[in-house]
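Both of the next two complexes hold chain A, though its partner changes from chain B to chain C.
Showing the complex of A and B:
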């Protein structure tokens, strides 16, 4: 398991997340795609920091993970409200929303 | 052995990402991402970050994915998925449990109290980033309250 293969894995995750965000139309999958890209960024951070300061990198990843979990809680609640009001949650419905 | 485990996890992540990107059903995408996140937790453990790997498994593959799955069921209007999805869910759950067990066994076998990852991380956080730590807990509390306010039905 070399650093290069970990870079490739992180790049795949980030690319997969970005592709999912732009290719899919439903908000749930778009939100999931952002989580995938964030996981790739976390992996990249750990790979970069593994030689210099692993404890600091772990602390940063743990903080990012906590903030991401909080973000997911709010985003899913907002998504549930959109589904309740409109019946589905797609990109077009949200771009129509005002106020 | 570690190399082989890494490449197996790499293939699981690749396969899960493929299913996630090309599947039309939301539930299938979410279940495939459970596999991706749990395999990523395994990769973290293989890199030596066993505590982070276990946390990734518990929070991401456990809590976050289940929350997403509930919303996916809400979107699709079905109370549960088809038979194939149920088997996929059982498979992901069993592999997740197995992986968590392997991580815990590995960290138990290589455990040295002075270098315990959770101990080091906890001391590091509380000695250097106490205010950030407290702010994060405040953020979680705000997120919980705001999601409850958002989801509340107005009478």
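Showing the complex of A and C:
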């Protein structure tokens, strides 16, 4: 695949992720959407890496993937708590952090 | 030999320290022994030093201040002037300590009282033995503090608390001048030792010497209650009577005279400064004496009399007769403290200070009556008694310098005799007015009074040896007056004094009531309205000014700034909390918006 089409794919992933995040009310889907956007960003990094300096960007992608895995674990745990406490998990029922 | 000097200075300090730290643990009896004993030791060592130390001695203890060009040592100076003062101070203080054992016997603040009294004696001796201005200033402030504490000793009484504050604040005004004088002398000479200042006084420009001398004299008018800062002394009578005798009659208030005598060459360098000293002194003497004529509070009469007599001392020093001024200080210490102690004895017996409620005490309190009469004769300048010799010297010396000062002095001597005997006739003669039973005071009180009575007579007999003793200072000088002239002057003042006593007798005993001649009487009774004038001229504008500043500057600007910054933070937080909606999507929206904005900026730059 040419790098141009990879750019397009990455852009689609990011846009789709952000759109999903804003359009869905279900916390789990929102989480998935953000992961999709993140994957888009990762892909973008890899495309740049193949063109310019490979090592730093690849290391960054590996780090992001590791952090994302950990973050998903935390987020899912938080989600589980929300469901247990509130009975369902939509974004409009958790607003305790209002300043 | 000079080590003796530490034995003069430190016992009262030790006594005060023990009383302050361990006072509660000591029995009343041991306080009654400890405190007078501390001062007694001080007195005995001064006496010993007086006989053993020939001429001058100084005891170096440690370097005290060493900053830049300023080098001040903590050392003690014993010379003819300080020896006389140390003896007078420790001697009178010792007697008054003993008297206080009786007078303050019933007071719940007994230990506190003696702690202050010891601390005072220490401060006064420090002032006297100081070899330089900064150390003298420490003593000067120390006695001021003790004076404040003892005037307000019965602080639960509002008048006493206010009197203490008044004394402190008025003295602050004087001390401000005193400090400026010290600073000026330091910039002029670079050294603050008395010896150095006196030795180099003649190298000063006359105008510089005048400025320094007058600034220091402002301090003296505060401490020694002269015009314009005398107003605190009459109010200071709110303190216990022995305190009035010790601090506000015999010792502290004469500190100004001592200071001027100490720095006489500096004053002599400037003719103007000496003239100011002499004129302020004599005018104060006359002014205070007229007020004393009509006061009804026995202690206030004595207070104005003290102001008046200190005026004489300043007049004496101011006309150049240091030994005469100092001699009056010396004799006055005895008879004036005796007057106060005897008045205290009356107050102790009757429980009132108003002479209109006394009368006829002569039979009930014979010792008090006799010692009071002796002291009154001494202060009135009746030949044979101490005050006659000292006052006469001052007047004779004044006559040579300025006939006007002499004339005012003689008239004041007449006024003095009048108000003293008015006091005696109102208190001890006539019929009892309003009291039932009076009794003579216990021996612990009459004893010191008898000793002082003895000195009120004999202390005046030694003027020529007193003068000779001070002579080594180098600036002690008396003008000669022809004998016939001197006898004439003496006759004039004695005659006037006798006349005044006769007049007092006629008015207050024979006629039985005083004159109440309207306007002048009212003016004098209200002390020329000086307190009211000061109130209107200084106190009220100051208070109102403070109020304005408090309202507009303090509350408006200072508080406004401080509270404003708090309010700013609070409002800022409230504004920013708009972003903290608590909803996940809002946060994400702001983040996305931020990213878009950042991209926009970056791309804009790149293109």
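Going forward, the second predicted complex is superposed on the first by the 95 of 99 C-alpha atoms of A that agree within 3 Å, B and C clash if a C-alpha of one lies under 4 Å from a C-alpha of the other, contacts with A are read in each partner's own complex, and residues count from 1 in each chain.
To be clear about the criterion, a residue touches a chain if its C-beta (ideal position, glycine included) is under 8 Å from a C-beta of that chain, and two chains touch if they have at least 3 such contacts.
Computed from a predicted model, the values in this text were never measured in an experiment.
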item	value
Chain A residues touched by each partner, larger count belonging to chain B or chain C	B
Partner chain(s) touched by A:91 [first = chain B, second = chain C, both, neither]	second
Partner chain(s) touched by A:67 [first = chain B, second = chain C, both, neither]	first
Contacts of A:6 with chain B and chain C, given as first, second, both or neither	first
First, second, both or neither for A:30, with chain B first and chain C second	second
Chain B versus chain C as contact partner of A:18, first or second or both or neither	second
Touched partner set for A:52, first chain B, second chain C, both or neither	neither
Which superposed partner A:77 touches (first chain B, second chain C, both, neither)	first
Chain A residues contacted in one complex by chain B, in the other by chain C	none
Chain B-touching residues of chain A, taken from the complex the two chains share	1, 5-6, 9, 12-13, 16, 19-20, 23, 26, 28-29, 31-32, 35-36, 39, 43, 46-47, 50, 54-56, 58-59, 61-63, 65-67, 69-74, 76-81, 83, 88-89
Parts of chain A lying in touch with chain C, wherever the complex brings them together	18, 21-22, 27, 30, 91-92, 94-99
Contact footprint of chain A on chain C as seen in their complex	576-577, 579-585, 588-589, 592
Touching residues on chain B, where the partner in the complex is chain A	2-3, 6, 10, 13-14, 17, 20-21, 26, 29-30, 33, 36-37, 40, 43-44, 46-49, 51-52, 55-56, 59-60, 63-64, 67-68, 71-72, 74-75, 117, 120-121, 124-125, 129, 132, 136, 139-140, 142-144, 146-148, 150-151
